[in-house]
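Pasting a structure below so you can have a look.
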């Protein structure tokens, strides 16, 4: 599939209908997920606040998924020097940063009733925060270099460096957390999950994924259009 | 030791602009080529592509040694001198420190650096910081590196621009000596070189009219 | 191999020459540490609790300082072209630069780290460990920092950008470095932390040059 879609024209033909369809699927799934989110029985310990989980957990999952996509696209861009891969990487970053931000904000909202503070330096929150910084670094580097091709390659190298570092950072933050014996009541994985909660969680996760796929294609498409427009402008300028 | 360099159907794109295409050029032992062409025709880019710093859009560059084809990487790391617009000197180090580093880095020795310094009349300047040198003096210091470390392919970008008439003649002698010793020179120039050189006009290799 | 030494010698000479880098980084280190009591109050009990950690934080910030010039000056004056055509590959050049950065910046900072920590109220027993962890950690800081320095070549605002790129990557060494000291102070086993710190430093020194060289080639192209 990658082979076939690596051709920009074929990608454009494919994404032309795939992007809106995925977008519709995303809206339906997220709507169903949200409806379930507000109708499932509340948790006997957390009460209504558990509903934040259905927005928060899939977002945190997408934050990492997007970085994996970013790393994959960067690798393809560096090794095969493919312009579409560069565009794909560039399109991933703001989406990933958005999901990361959403995960942090909802985590913080969840923390208020759960822990009594807006922010806790717990291992997960901290590593997600570092992940957000990595995304921001990627976008800042991309924006700071004028030459587009060079900017894309530099950012791709950074993405791969980040990809190697991410597990190390995660590990070090977990290690740091055990050293400091957190006062948090939050156990890994939370209380055992009642089956009622699996459905909304799964719907939201797949819905986010479809949303990402749709927005990602739209962004890559606009990138391709922009390049074509640039080419035309250059041609017109002689 | 490079004996010849062959360019085949070479095309270079910078940004989104095609600079030239279909360049076929072979340079052999003892030959000099003067690259000409309007500003922006790709002279500097061609030199940088030969040095392996930029990747041609199409075509290839082959280096030939006495025993046949050379690995491009080896050829460049042992046989190519690139002298661009910038002369690679640190303003606050002395002329001698900078020359010695460049010579040692490109495969020469302290003795050869001294000899080159004498040859280019640089001994009086050796102890000065580079920032105190004039443009012409800096250029001579840069040329000393070419003389001091034995690399057979010289890629020169406007090498004579800051030199006065007398120094140009001296530089002409140095180039002639290099060629006589089996070297090769590819130089981007506006003014003619003071030695016999084949001309190669990049402007004639523009992309198809649009 | 000869080329590598030529390169290393030059980098060292340029770092120490004209009294620049290391002294500036040291001054910055001390100045940052001076702000700590001013910010949190001079109460010895409060300071002593955060002394080793703050020393590590200041160390990470101070090691950012000279990164901007690590590749930038060679890029600006064309020397990077020359380095790309040298007898050893750019990876070795990058390794030499990282090593020089460690020896000329990391090592002096490591010497100053115990002094700063003790001035902030750290226990004297901690001095050897603070020195060793700062020295080993400096290796990781120098090589990950070098990646940021090489990546930001050709960008409009080098210094701040390097900090943004590199500080998240400094999280592991800061955690392990400060963690080792904290574990030791708390009577826990500090060997794992020091081991992880060394592993990070060695891995950065082994892999970092590849990223730096790729970034340099990209900037030159």
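Each chain carries a letter (A, B and C) given by its place in the written order, and its residues are counted from 1.
Methods note: contacts are C-beta pairs under 8 Å (C-beta built on N, C-alpha and C of every residue); 3 or more make two chains touch, one makes a residue touch a chain.
As the structure is a prediction and not an experimental result, all values here were calculated from the model.
Participant: Relative to the centroid of every protein C-alpha atom displayed, which chain's own C-alpha centroid is closest?
Facilitator: Answer for the innermost chain: C.
Participant: Have a look at A-C versus A-B and report the one with more C-beta pairs in contact.
Facilitator: A-C
Participant: Starting from the Cα centroid of chain C, hunt down the chain whose centroid lies farthest away.
Facilitator: It is B.
Participant: Report, in whole Å, the distance between the mean C-alpha point of chain B and the mean C-alpha point of chain C.
Facilitator: Once rounded, the distance between the two centres reads 37 Å.
Participant: From the C-alpha centre of chain A to that of chain B, how far is it in Å?
Facilitator: Each chain reduced to its C-alpha mean, chain A and chain B end up 48 Å apart.
Participant: Need the CA-centroid distance for the pair chain A / chain C, whole Å please.
Facilitator: One centre to the other, that is 31 Å.
Participant: Could you pull out the residues of chain C that touch at least 2 other chains?
Facilitator: 221
Participant: List, in ascending order, every residue of chain A touching at least 2 other chains.
Facilitator: 147
Participant: By residue number and range, which residues of chain B touch two or more other chains?
Facilitator: In chain B, no residue touches at least two other chains, as defined above.
Participant: In their shared complex, at which residues does chain B touch chain C?
Facilitator: Touching chain C: residues 48, 51-55, 73, 76-78, 80-82, 84-93, 97, 101-102, 104-107 of chain B.
Participant: Provide the residue numbers of chain A that touch chain B in the complex, in ascending order.
Facilitator: Residues 147, 230-231, 234-235, 238 of chain A touch chain B in their complex.
Participant: What does chain A use to touch chain C in their complex?
Facilitator: Counting only chain A, the residues touching chain C are 78, 130, 133-134, 136-137, 140-141, 144-147, 150, 153-154, 157-158, 160-162, 164-165, 168-169, 171-173, 175-176, 179.
Participant: Residue numbers of chain B touching chain A in their complex, please.
Facilitator: 15-17, 210
Participant: Mind listing the chain C positions that touch chain B in their complex?
Facilitator: Touch residues, chain C against chain B: 2-3, 6-7, 10, 13-14, 17-18, 73, 77-79, 81-89, 217, 220-221.
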